Each structure stands twice: as C-alpha cells, then as structure tokens.
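Provided herewith is a single structure, encoded as structure tokens, for subsequent inquiry.
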Amino acid sequence: MNFTQNPKGKYDGYCIIKALEKKITSKGSPYLALRLSDSDGDIEAKWWDYHGDSGDEFELFDFVKVRGDYVIFSNEKQFRIDMMRKVHPEDDVRIEDYVPSAVLPGEMMYDEIEKTVIDLRNDEIKKLVMVILESHKDRLIYWPAAKALHHAVRGGLLMHTLTMLRLARSFCAVYTYVNYEILCAGIILHDIAKIYEISSSETGIPGDYTAPGNLIGHLVLGAMEIDRVGRDIGTSEDILMLLEHMLISHHGIPEYGAAKYPMTIEALALSMLDDLDAKMYEFRTAVFKTEPGEFTDKMKMLDNRQLYNHGRSNDGDVDLINTGGNE
Amino acid sequence: MNFTQNPKGKYDGYCIIKALEKKITSKGSPYLALRLSDSDGDIEAKWWDYHGDSGDEFELFDFVKVRGDYVIFSNEKQFRIDMMRKVHPEDDVRIEDYVPSAVLPGEMMYDEIEKTVIDLRNDEIKKLVMVILESHKDRLIYWPAAKALHHAVRGGLLMHTLTMLRLARSFCAVYTYVNYEILCAGIILHDIAKIYEISSSETGIPGDYTAPGNLIGHLVLGAMEIDRVGRDIGTSEDILMLLEHMLISHHGIPEYGAAKYPMTIEALALSMLDDLDAKMYEFRTAVFKTEPGEFTDKMKMLDNRQLYNHGRSNDGDVDLINTGGNE
Amino acid sequence: MNFTQNPKGKYDGYCIIKALEKKITSKGSPYLALRLSDSDGDIEAKWWDYHGDSGDEFELFDFVKVRGDYVIFSNEKQFRIDMMRKVHPEDDVRIEDYVPSAVLPGEMMYDEIEKTVIDLRNDEIKKLVMVILESHKDRLIYWPAAKALHHAVRGGLLMHTLTMLRLARSFCAVYTYVNYEILCAGIILHDIAKIYEISSSETGIPGDYTAPGNLIGHLVLGAMEIDRVGRDIGTSEDILMLLEHMLISHHGIPEYGAAKYPMTIEALALSMLDDLDAKMYEFRTAVFKTEPGEFTDKMKMLDNRQLYNHGRSNDGDVDLINTGGNE
Amino acid sequence: MNFTQNPKGKYDGYCIIKALEKKITSKGSPYLALRLSDSDGDIEAKWWDYHGDSGDEFELFDFVKVRGDYVIFSNEKQFRIDMMRKVHPEDDVRIEDYVPSAVLPGEMMYDEIEKTVIDLRNDEIKKLVMVILESHKDRLIYWPAAKALHHAVRGGLLMHTLTMLRLARSFCAVYTYVNYEILCAGIILHDIAKIYEISSSETGIPGDYTAPGNLIGHLVLGAMEIDRVGRDIGTSEDILMLLEHMLISHHGIPEYGAAKYPMTIEALALSMLDDLDAKMYEFRTAVFKTEPGEFTDKMKMLDNRQLYNHGRSNDGDVDLINTGGNE
Amino acid sequence: MNFTQNPKGKYDGYCIIKALEKKITSKGSPYLALRLSDSDGDIEAKWWDYHGDSGDEFELFDFVKVRGDYVIFSNEKQFRIDMMRKVHPEDDVRIEDYVPSAVLPGEMMYDEIEKTVIDLRNDEIKKLVMVILESHKDRLIYWPAAKALHHAVRGGLLMHTLTMLRLARSFCAVYTYVNYEILCAGIILHDIAKIYEISSSETGIPGDYTAPGNLIGHLVLGAMEIDRVGRDIGTSEDILMLLEHMLISHHGIPEYGAAKYPMTIEALALSMLDDLDAKMYEFRTAVFKTEPGEFTDKMKMLDNRQLYNHGRSNDGDVDLINTGGNE
Amino acid sequence: MNFTQNPKGKYDGYCIIKALEKKITSKGSPYLALRLSDSDGDIEAKWWDYHGDSGDEFELFDFVKVRGDYVIFSNEKQFRIDMMRKVHPEDDVRIEDYVPSAVLPGEMMYDEIEKTVIDLRNDEIKKLVMVILESHKDRLIYWPAAKALHHAVRGGLLMHTLTMLRLARSFCAVYTYVNYEILCAGIILHDIAKIYEISSSETGIPGDYTAPGNLIGHLVLGAMEIDRVGRDIGTSEDILMLLEHMLISHHGIPEYGAAKYPMTIEALALSMLDDLDAKMYEFRTAVFKTEPGEFTDKMKMLDNRQLYNHGRSNDGDVDLINTGGNE
C-alpha cells in the first residue's frame, strides 16, 4: 500500500474499499472488516472501534482516507484502522491515481478504437459495431476486463481490445486471406458483454460476477446483444451469424467456455489473438515482480509452471499498468 | 428394406431418397448414385441407365417407387435400379409408413404437450412457452430430434419432449422443492431450435446440419429465440435469465456443448432428464436388435461398451419406433 | 451448535463426540481435543482441565452434556469446555434429536421398502432381496449413506434407497421395457454394503472408512454378499450375474469406481437414478444455505460451479433433513 | 498360413476353424464363410460349393484339413476352399503344432508354478492357492491369457504367470520389505478367472468374451472365487481381504478396469509387474516382426508409438512363441 | 494429376515417384506398385507389364514421364501405366513445377531471413544463428516443414519460418517488453532440425521420419545442435540456455512434444506464433477446397470440427501454395 | 528433531540450516527465520535476539549447534532459538549423522556401480559410461535424487541407481532378448544430470532447482552430456542415438516430462524400472510411518489413494534410510 508514516509513527493514506462487512467480536462489540486497495495492492483491515454512529456510513468502492498501523495476524500483515473517512474535494486527490489502471487514458483508447471502426469499409459491419460501441461508451472508458486474471485493472477492457486491434493490422497484412473487417468487428465486440458480466464502478475495480454473468456469461450475452441490435438496425442474417459465431467461440475450446469451436478463419484468429494477448499480459505481470535470474512461484493458471526473468527485456520497456505517482 | 420380390424375380418398393448425386462412370456415361430409405433402414443404390431425360427429375427427400435387384459391391449389399419414378396419388401409399417414426402421431403428442402448457399456473411462463410452441407447430409435428443419434426419427423431437414431460411430473412429486413450472418450460423449449439446426422435410428424415446449426447450435439459437420472443411479449428479465440459462446449459458439461454448467436445480434436473431419456432410447434401440443372451457391437458413443440383452424385458413391451405396417 | 447460554453467561448443551484425542500441551499437561456435533453442525473443542481421573471415561460417539465458552482460535470458533459428562437417563433427551437425520423415521422407511419387496412378483428375486434386507435391518434403520457427501445423515442410507424406489415406479411406467423387478432389487441392494464400508454407531454419525471399505469397497463387497447369499439359497446363476453386474457398475464410469460400465438397461437406469438422487440432494442442501438471489461458494465436487438460489422453490417445500426441535 | 502347394498347383494344409457362418449368396445358394488359423496366422476363407449334406458338419475350433487356392478379394488375400474335412487320427498331426503357443509345454509350466506354491511357508496362503490352482489344472494347461493382446496364445495364461513369478523372486530380494508369500499368491491368482472370462477350447485359441466375462470381469470373478473357496476352507478374513484387494486392483488404475487403486505394497508390485510383463511381451512381439533399423507401424495400444528394432538383441535370444515346426 | 489426354485417348504427364515397391501378382508375374505425385496431388499407380529389364531402374523421388489410363479399383481412382521413363534434359521441364511448393522461391526466402539475421544487434546471437543457418543453406532452400500437416510442401520450412519472422516484427512493436533478438533467433532455429527429422530430396517432397527423427525429434536435435555449435564458437552459457529452452519447449505443452513448458516470455511467444502460423495454414488450405457456404469434412487434427467457407475472403487473396503452371 | 533436553529444561542439538532469511519484526527489530533439519526431520525456527553482530555469519547448509525451546505458533510447532553457533571440530560430530541418508555409504555404492561398468563387454558403451561416471564421482557420492519425492536423501541418487542395477540383472535373465549392456548404461546415466538440475552441497540436502534444471531439465541435459562426451571420445552415432533416446524418454509419457515415448525395448524397460523403483520407495516410506492396520493420509502424487500397512512385512526388514544413531 502507498501509505506514508506520519511523524507520530501512524500510517496515513488514500484507498478504495474493496470489501466490507460488519461483524461482532466474540465479546459482542461491533467492528468493521474491510479490504482496502490502492494502485499498489490490497490489504485486509479491521476497524475495531467502529460503532456505526459516526454519521459517515461506508459502501463498497468508497474512496476513503485512513489512518492506523500495520499489525501481523495469523502470519499475514493487516492494517488496524484508527480513523477512516470519505475523501473530501479539498483532499485534492484523483481516484485514477489510487487504482491499478491501464497506461493509456480510457478516452484516448476509446478514440483509437472508434477511429478503427470509422475506417471500416463494410457499411453493415461498421454500423453495427458503432451502434453497440457508442451505447456503452460511458462504462467502457473505465471498465476492467476481468475479476482476477488478465487486464483486471481500470480501463483493462479497452486496453485488451486495443492491443488486439493493433496486432490485427499487421496480422492481416501477413495472412492476406483473413477478412480484416470481420476480424476487427470480432475483436471490438468479443468481450463487450463483460460490462454485464462483472460488476464494477467508476473506480474500475472489478467486483463480483453478476447473476447473468454467472448463468449466461459474456460470450452468449454478447451474441444476444449483437442479435438484438443487428435485427433492430437491419444487419443481414449472414453477417449476424458470422459475428455471433465469433462471440460464442472466442474462448477457443469448450473447456474454456466456448459454446462452439471456432469454425471460420476469423473466429480462429480472434480466439488465438485473444489467448495470446491474455497470456502476454499475465506472463509480463508475473515476471515483472521477480528479480532477474529468478523464477516466479508456480502459476496455477499456467499448468503450475514457474516463469523465468532472464533480465534481458528491452531497455525502452514501459510498465503495462499505471500504478499512480506514488510508487 | 421392405421391398417385395415380384413374379419376375425383381424387387419393387416405395422409399425416400435420402441422398442423391449425379456421377459419371470412368467410361463417361452418367448415372445416379443414391441412398434409399424406408421404415426398415437404408441402402446404397445405383441407377446406371439414368440419362436425365426422363422428364421426371428427382430431388432430396422425394418419395419414389423403385424396381431392381440386390447386388454385392465391395462387400456390401447395394440396390441396382432398373426403374424409378415419383409416387403418384393413385399409388395410395402414405409417406408416414415409409419412414421410421415415433409410435404416437405428431398431432397427438403436440396436443398432450400443449395441454401441459395450458395447465401451468405461472402466466408469464405459460404465455412465453405457448407463443414459441405455437409458432413452430407445423414443423414440430414431424421434425426429428437428431441427425444420427437418439430420436433421429420422424416426430422424434416431440417424442423426446413428451417422454421427458411425463417423467417430470412424478419427478417433481418426489423432489418437491423443484419448481415444476420452470422445469416444464425448460423441457418443452430445450431442443426446439433443432428445427433451425437440422434440415429436414415433411418426411421427418433428418438431413444435414445447417450453417447456423453448425456455427451457433440449438442451445444458443434457442436461448436467442426465448430472449427475442420474451422481450417482445414482456416476459420479466429474471424469468428469461432462468430459462436461457437452462437452454445453454442443458448438455450438462462443456465437452458436450454446454456453454455453462447447470447452476439452478431445474437446469440440473433438465440436463439429467435429457441425458437419461436419450440414453434409454439409444440403449433400448441397440439392445432391441440383438438376440437374448447376446451383446451388441461396441458402441462408440457409450465408451465402447457392449450392451447385453438379458431377455427379461417386460412382456407388455411396445416397440419405440413405428416401422410401418410392412415389417 | 444448539447450545444455550445460562444465566452465568456459560453455554450448555447436549452433543455427540465425533472425534477425540488425548494430547499434551507444550508445558506437559494433558488435555482433550474433541469434535462435538449436534443436529446443527460440528465444532472443535478443547478441554484443558481434563485429567482423566474423573471416573467418567469418554469414547467416540458418546452422547454427552457440555458446559463452556466459545473462543476464537486461529481465526476459527472453538468451544472451551469447563465441564463434560455422559448423558444420564434423567436428562430425558433422545439421541435422534441431536444428530442430523432423515425426515422420516428409519422404521417407517424400512417398512415401505420391505413392502415394495413383498409386492415383487419374481419369487427368486424377492427371496434374495428379502433375506439380505432382513439380515441387516437393525443397522439399516439408522446407518448413514456417506462419510461426507450426499445423505451423510442418520438414516441417510434408507432415505436414499427409498427416494430412488419411489422414482423407479413412475420411471418404469414411462420406460415400459425396463424390468421393474430387477431395477428394484438393484436399488435396494446397491449401497447396502455401506454398512461394511463406513463405520458408524447407533447415532447414525458416519465415522471413518473401514479397511474392507477402503480396500474392497461397497460395490464389490455388495456383489460378494449377493453371490454368497444367492448361492446359499439357490438363486439362479443368471439372476446373480445380472444383480452383481448392477452392483459393481452402479457408479457409472470407472473414474467413479465402477468396475464395469453398466451394460444392461436396468444397470444403466440404476446408475443414472443413483447419480440423479445424489446430485439433487447435494444441490438442494447447498442452495438451502444461501439467500435468494445469491450463489453458493464454488463446489469442488461439482466442477467448481456455484449454484444459484433463484428463490422460486415451491411453497410447500419441506426440509430434507430433520435438524431436531432445537433449531 | 503354413499351407503347401501340391503338384497340381492347389494348396493343402491343416488348420483350426476360428470362425464360421453359413451364408446365402445373392443368387440364393448356400456357402460357408470361415476364418482359418494355424500357428502362422489367420485367413478369411470361403467354401462356395458347400451344401451341408456332406455328413461332416463343422463347429468352431474344429481341427480340419483343407485344399484350395489363394484369391484376392477387396484388396485382401482370401482362401477359396475346394475341399475341407476334419482331421483323422491317421493324419498323424498334433493340434499343438497348428496353434501359436507358449514355448514351454503347459504341464511343465504348471509344475514349476505348483512347486513355487509348495515352497510357500504361510500355510493359510499355501492351502488357498493350491486348492484353487488344482481345481482348474485341466484348463490352465492350455488356456490363453487374452483374446487379442498380450499372451493371446495357447498356454499364454500360465506363461504370463510363470514369467511374473520368476521375476518376483529377485524382486523380493531387492525390495526386502515386500511380503513374498502374498505377492506370489497374487501373481498366481490374479488372472485365473480368465478361464471364466474368455471362451476357449483345448486348441488354446481364444474365442469371445463370455457373458460373466463382460458383465463381471476376471478381476471381480477372481475375487469372488477367492472369497468362496477361502470361506469354505477357513482362510482368515484378513488374508482374504488382502488377496481380494490385489485381485480387484491389479489393473492399476480405474481406466484400465481396477475397482480400486492398489493400496498395499504387494498390490502395487503385482500391478506393476503385470503391466511390465504384458508390455515386454507386446513390445517384443511387435519388434520381432520388423527388420533391424526399421520401425513398427503405429501401435494403438501404446499411444500410437512406433517401436524401433535396433538389431542389438542378445544372440542367445529365443523366440517367445512356438509357431510349430512348419515355419 | 495434371496429366493430359493425347489424341489416342491415353494420358501423358510428368510426375515424381513418391513410393514404389516391386510386387508379384497372385499368378506370379512381377509388377510395380507406385504412388505418383505432381503439384496437383497424388495417385496410386500400377505398372503391370513391368519386367525390370528395361535398363531403366527407378528410385524413390525420381522425376519421370508416364503414359497410361485411369481405372477404378476398390472404389478409388488409380493410374494404369503403359509406359514410364525418367525425364530427359530434352523434355525441358523443371521439377519445381511438378511438386506443391511455397509461392516464394527458396533463395528469395533465404535471403530475407539472412537479412533479418544481419540486422540483429546482439553479436553473440547473430553469430550463432548465422553459422547454423549457413551450414544448412543448401538443404533449407527446398526442405518441407512436415510429413503430412502444415507446410508439407517444397520450401515449406523456410516459408513457415519467414511468415513467423514477418509477424514477429509487428508483434514486438506491440509487446515492447519482448526481446526481439531472442525471439528472432528462436523462430529461425526452432524447426531447423527438421532437416534431420524428415527425409527428403531436392524435390522437396517429404519422405519418412528418420531414426533420429523418431527417437530424438527435431526439438532436442535442434537444442543439441545449438549447444554443439555454440560451445564451439564461444557463445555464453546463458544465451545457450535461453535458446535451447526455446527449442525444447516450442510445441507448447508436453502432449504435443514439448520437453518443458515455455517459461520465458520469448519461449511463450515462439510457441504461440508457431501454433498460430500452423493453424492458419491448415485452416486456409482446408477451407480453400470448399465452396462458399459449405463446410469442410470433420478435421481430425482440429477436434473434429468442420470449417466454414463464408466466401468473404479478401479479393486480393493469393494462393498459399504454388501448384505450378499446369492447373 | 533429535534435540535433547538439558537439565535446565532447554533443548540442545546439532542440525543443518535448510533455509534462512533475515527479517524485521513489525516493531522494527531484526530476527532470523530459519528451517532446521537433522536426520529426523525439519522444523521452522526463529531467532528473535539475533543482531547479526555475533561475528558468526550463517549460510545455507551450515552445520550448527542450537539451544532453545519448542513453541506453538499458528497451530504448528516451532523452535525458538536462544543460541546458535557453527559446529566446531571439537564437537566431534559427523555431518552424515545429521541428514537423512541412504543406508549404504556413497563410496560403497559407487564402487558397486563402477564394478558393473567394468564388467560390461561392449567397449564403446563401457568407455562412455565410465568417462561420465568418473567425471562426477565427487558429487555423486552424496547427491540426492530429488528435491522432495523419492530418494530425496543424501546419497539418494546412487541408491536409486544401484537398486535399479541390481534388479536389471535378474530382469535380463527373465527377458533374455533385452540388451543388458544398453540397459545398464541407461540406468547409470538416466538421472546423472540431476547434479545440474538440483542444487545441493556436501550435506546431501536438496536445495532449489537451478535455472538450467528448470528450463532444460535433467533428461535433456543428460542427453546433451552424452552427446558431447560421446562425440569427444568417438562413440558411434548409433550408440549415442540409442542412449540419448533412453535419456529423453525415461519418464515414460509426455505428461511426466518425456520428450519422446520409449520406443526401444531397453528404453521401455528403463522407464518402467525407474517408475517401479520410485514407487516402491515412496510407498515404503509412507507406509513405514503408519501403524499396522492403519492407512496413510491421502497421497497427492498417488491419485489421492491411502496406503495400507497390513503389518506383514518380512521380519528381516531393514529401514531404507539411515536416520543416524540418535533415533
């Protein structure tokens, strides 16, 4: 956590409430159990003296200022809160600086994606993608792409989309028989229903899966949205079928949630570029935390392999995630 | 085949054209390669003398009368056609008698299902199911439930639906916490998009998978139909979510095409009753062809197991499939 | 736990000893570490002042009265015992009220099952089933069906058997070619060797697996019992083979312990009804603990899926498990 | 086939009937379709002129003399029979010379195994093994160990048993903590129920699986036999449990038919030595048919690998299988 | 086959001998069984009148001229050879035109790859790659990349390498933290040991796997070559370890032959780009053979999926493989 | 731990430092967190009063004398150090007595293995094996065979090798067609690159995997060493190929790290004997810790099975691992 020690030895800092629950001690007194988060990470916290009569009630994703101490509990570091209040305008701090977020601002990423759509030559595809994209613009600007895995940061959804789009351009130059228009539409729409699947707020911090997210999932929810919007604006059935197929197949294999295997070359390309971009992100993030010459811990999602930091990444390397100015 | 030998030693019979292709012999003469089918089974056929100038052009699923001989080719029995023509009204034969079909007539099965819907108490569910059911009545009457596996017969789709519905009644009496209304809706709608997935005709003979069938599949196509109709008639989002979840999860596990695992008790019940009814059908059909005390061949779809006919089936046993009166 | 706080602030209650071990503190004093259980659940307990000289020695499954306090240890609630003694007749409490048990009394379930056997028409099967059933009556009345999973409650074995039997009746009415007599015999006998596999006592609380349970298992132990009894009373080899096959195949696939895949239609039906009943029980039990609109935790035994409580279970719903009158 | 060409250009030879079926040509005349076998291999055969009136009816496993020609049918060599009759005593040929069989005579193998039993020191185990072994002596002498895979030759069952026994001696010298008596008993009994599982005759040619073989299998059938005989002669329950566990677990993992994983050190040793001996046999048999420097075809049962004949096998190498004197 | 019919009705053409075997008819006369191949495909052929006394002996991969007829045998088209002789200089035909080959000439592809190496900035890597590349230049020019799957054409090995290299450039522009030098080295060397693994000739037609290919494989053979050459020219151990790791891990997962999972970001990138390029090639090749709106057959190597030709590939599309001028 | 309580109630003992890290308490004071190990096992330890100014700095694998107390922390026993110093010569203790080690001394095992090599008759194989063996003699004497699984003790590598060699002799007597010379070479060399893969010291305690160990692994590292040494001393390519194949395939299947399936009979034998020896060791070690009649905990590496101690191991049984004289 980017907390700073004040002259009295206490720690001060701004952070987001990522989880909170009112509990009762075995002796019957109420307290708050929280998980606090800033751009540097997470920490469990306890506010023992909380009585709920402070006139300042807290909610999930609140942006707050805390003061307290680090303590060790059951072998793990926790934060014991002395004081906590919501952030005031006069604090003059921006929420973006306190959540892990994509390097590029959301608006900038949105603009680049929108420009790609404008440049498409197939009017039918262009119109469909644009209508859906614009209808979600306000949330896309900051939505995360996942709850825990790749691109689970503020703006992660657009970041993931944009990286894939950039790669797709050269990809279609190499594999000239791939239909660039269809591939672009697939990339832009493939994860867009994550705004239904994962709950979040303007903080861009991912919350829980929603009921539709769990029961239907962003693949089918996205295909349904394409179908609904497409029929509304008159997109041809053939185009709808191709795009819907890309949506429901983009996880590549049934075990990963694909309702169908990719059966068109653009569906195949989409699923492979999606996997590639996700793996590069996760790999990079994991290796970034190790010293050169060292291995990461065993990574569950990657067949328990341990990744190696060979210390030879390019010099001009820029960090993937903006962790604010406090680091 | 239910062909009969005429006094001159030739074989005569009525049948359906299940596949046909115009070909050229190595000597350059045209001929017709066909697959003929009646309620008893299939056979490859060749019409060597076909010249295409008979003024009587043939198409897939045509109901025809043939005359010819059985011959052996590459170790398999074939039929060599001397003469073939379309069935005339004066032949006085009914197509239903020449395709494998469910024991109960389609209309009768439809009526029983419709009555079940009428008896539902939840108006929202009742209306949604009724609208979808009625809109497909004409095709449901004869549509098969599969291309090759369980219930791949005329009327098989309704047969499968009806058996499950009958079982569901007592099932809900035993497991009283299961919501009967939701389960019924799921059973009636779960395979309804097979009318989009598999091509067929009034013969009820299953043809190939369609493009939407291959690329989207009846699970997601069905969920989309529920979504479209439901939003149109004002079904609540909550009910739609529960029904759509049942649709996309009813194959039970991803390996079998489920986009999600069943996560509600009715979705679980639906997927297990579906599997149960399909397995009973396949098992029964396979065992029915063996002698008591014998085993079937290894069944690929059933982990290569060989099923055993113990010869102790109940006396009052009725055959599952009506193979016409010719048998 | 259904303990009640007395005027002095201590907690009193009746419970069963589910595990106990004499230990020594790091300072060398002896104490008792126990797991206590009543119809509401389990709790770890410590009796620090135990000296073993109380003239009242304790054993596994003892029915006891305790007094003490709840404490938190390593993040988990424990019970610190001040006093513990065996239940006296004058306490006037029944053990059935202090263990999770099936809703129906064991004798009532046994009678319904016995009546089903009496109504069988095949004398050979009827006699075999009856002999085995009666020989285990005293233990069947209260035996649990599992150590941890489905029906792991007092009387769970008969409860599981009875639910399947009830379902089997309507099942055979729908699938008329299934031999009802054979299926009934399979249902009644399929888990009967769990009385050898799992240790328990009159409390109906499941203990550990026995050595024969681990090394041979209830599938083969049950088949051996059928073979032994059947040869003794002269059952025909053919019937024995069919029933033994059902026993050793009823887990459906090798991965779940089946020595053979089900190869007869009754063996298939048995394995599917068994799986169905177990899944319904587990699903129901898990969902029952969540609020409407909420998901359960990830369920390991169900492919990590999270089950959804849609809040639309039927009104007349009765709880599956009798948790005594204390709740 | 070890047939020889006679002066008139026809082929003569002795062989066993491995399969036979009466059929009707498309022209209505009866003929015999057979599979003939000698120590060199198998061949499909047709006897077109068979009328069934020769007063010499044929059965499966009959030892016959044939005369005829080789013909090509559908790309495969067949034998066209001109004449076939049963072997007469005056032919002076021994059936053993016309079936693939183990190198050592059955009696010699039986004697060595019996001697191993006599030398056991644990009387309980010795008695049980001896009683079962002796009761099957007449069939063990020639029974094959499999229908198609390893040791599927005359006497193959004893050959497999004996090789494992020989290996077990030195194995227990290296791993001194393994109980030699228990391991020996397990080796001798582990496949003995193959005499119930596979049908055969004195020819030692394996026929089909029997009904009990398919439905129960030699693992459980063998455990049942141990249980029955053991209880009859008073073997202790503990010994029976250990041996029965070895029987039902000796295929190592559920996927290969084990009802339980091996859980004792002798059960583990048994399953690994069994697998080792089977693999060595199959590997050797496959490589034996290739030239040095060549690979075998892809072997389905061995993960499609192709085995390599490096041409450096020991000089004193003896062929595993006696293919008679005709080769 | 690109054979042309001459005025007498016979077919003439140039082709390569892809397999040949001297055989004997059932009547004892010798004949040649061959597989002939040109840029259009393969065909089985028989030369019945071959007597081996023509003074013109044939070998695998010979470039020949044939004359004969098409015949049907066992349902498949064959070629019956009347006359066959080796190609003479005066025939004025080039072998490149008669084998399926990469669009770009081998020398041109080699030059582009060499230029990429020259532009590398890390001298150690540049030197190592250059030494290995140059030492195999003569064979690389035409070597195929596989026996049957992706890039199994003349020049396929360089084609596959070059496409990946082109993609790698933009890939490293998007994922700036990837070390371009290491990735390039990995791409160029990853399949280079296929020249040891698969036998071929100047025709570029892939023959069988070699013994080292089968027993060691191109992954480990390549790593060994890097090790040997690297130690010889003094490459640092650290670089060797990184490159060798890429070689042995580039099949991604153990099931596909990787001795280790990719554990560096470049090893991961290499394995994913390799898979991507292979899949694009196979997908494209399969779809190219179908009509728009049609599906391919089930593709074994792609989980039995059927690929869809949506008929919307880009106009400027160039065929992947040069099938000569004869098509 | 083999610590002994001194008259003042403190515990004294000699042990090895298996892990150590300097840490800071939440109050800012430095302390040492260690893992101590002797022949009896491991324990976490804390030295709270450590100031790093003792003039006696510690390193991994140091042999030290400690004094302190046992305490319970988070439910686990720890050791709280009062005093710790390196062992002095005057302590007169041998490191071998304080680490778990193979029963036989390293030199004795080495000699027996060397003698086996000397007795080989194939000069080429003999020379190659001898050169490699001798070059690593100093480390082989004490190297462990694994980090955590089988033979993870001092001298474990030679112990594993020697047991397999002993078994191989009788193995080749039973399977006479196996080439003993090749099998011996494979056994001796198969794990020799573990000296590169796992870090250790003269204590024989296994440390972490090295970078080459993780990235290349002992299978390929060993094959590379054979290739390098073999080419240096002129071993024929054919022999190298056979031995290298054994090295890279000895884990049997890809899932366990084999780069190729075993394809020669000696490679198959090697992989099966390797597996057999490892399983016997692990099984024995696990069962040795249980009481007769009891089961072990579920063993993760053995499909979660629980092993059974039947209490009938041979009397003359010797413990596998020498746990020093202190036990």
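Note that the chains are named A, B, C, D, E and F in the order they appear, and that numbering of residues resets to 1 at the start of each chain.
To be clear about the criterion, a residue touches a chain if its C-beta (ideal position, glycine included) is under 8 Å from a C-beta of that chain, and two chains touch if they have at least 3 such contacts.
Since the structure is predicted, the reported quantities are computational estimates derived from the model, not experimental observations.
Engineer: In this assembly, which chains make contact with subunit C and also with subunit D?
Structural biologist: Chains touching both subunit C and subunit D: B, F.
Engineer: Approximately how many whole Å separate the CA-defined centres of subunit B and subunit C?
Structural biologist: Once rounded, the distance between the two centres reads 42 Å.
Engineer: Just how far, in Å, is the C-alpha centre of subunit D from the one of subunit A?
Structural biologist: Chain centres of subunit A and subunit D, defined by C-alpha means, are spaced 62 Å apart.
Engineer: Can you list the subunit C residues in contact with two or more other chains?
Structural biologist: In subunit C, residues 74, 211, 214-215, 242, 263-264, 295, 306, 308 touch at least two other chains, as defined above.
Engineer: Show me, using the given definition of touch, all chain pairs that touch one another.
Structural biologist: All chain pairs meeting the touch criterion are A-B, A-C, A-E, A-F, B-C, B-D, B-E, C-D, C-F, D-E, D-F, E-F.
Engineer: Applying the document's contact rule, which stretches of subunit F touch subunit D when the two form their complex?
Structural biologist: It is residues 163, 166-167, 169-171, 173-180, 182, 238, 242, 253, 261-265, 268-269, 272, 275-276, 279-280, 283-284, 287, 295, 302-303, 305-308, 310, 312-314, 316-318, 320 of subunit F that touch subunit D.
Engineer: What part of subunit C is in contact with subunit A in the complex they form?
Structural biologist: 70-72, 74-75, 77, 293, 295, 306, 308
Engineer: Across the complex, what residues on subunit E touch subunit F?
Structural biologist: Where subunit E meets subunit F, its residues are 211-212, 214-217, 219-220, 223-224, 227-228, 231, 241-242, 244-245, 248, 254-255, 257-260, 263-264.
Engineer: Can you list the subunit C residues touching subunit F in their complex?
Structural biologist: Answer in residue numbers: 26, 74, 211, 214-215.
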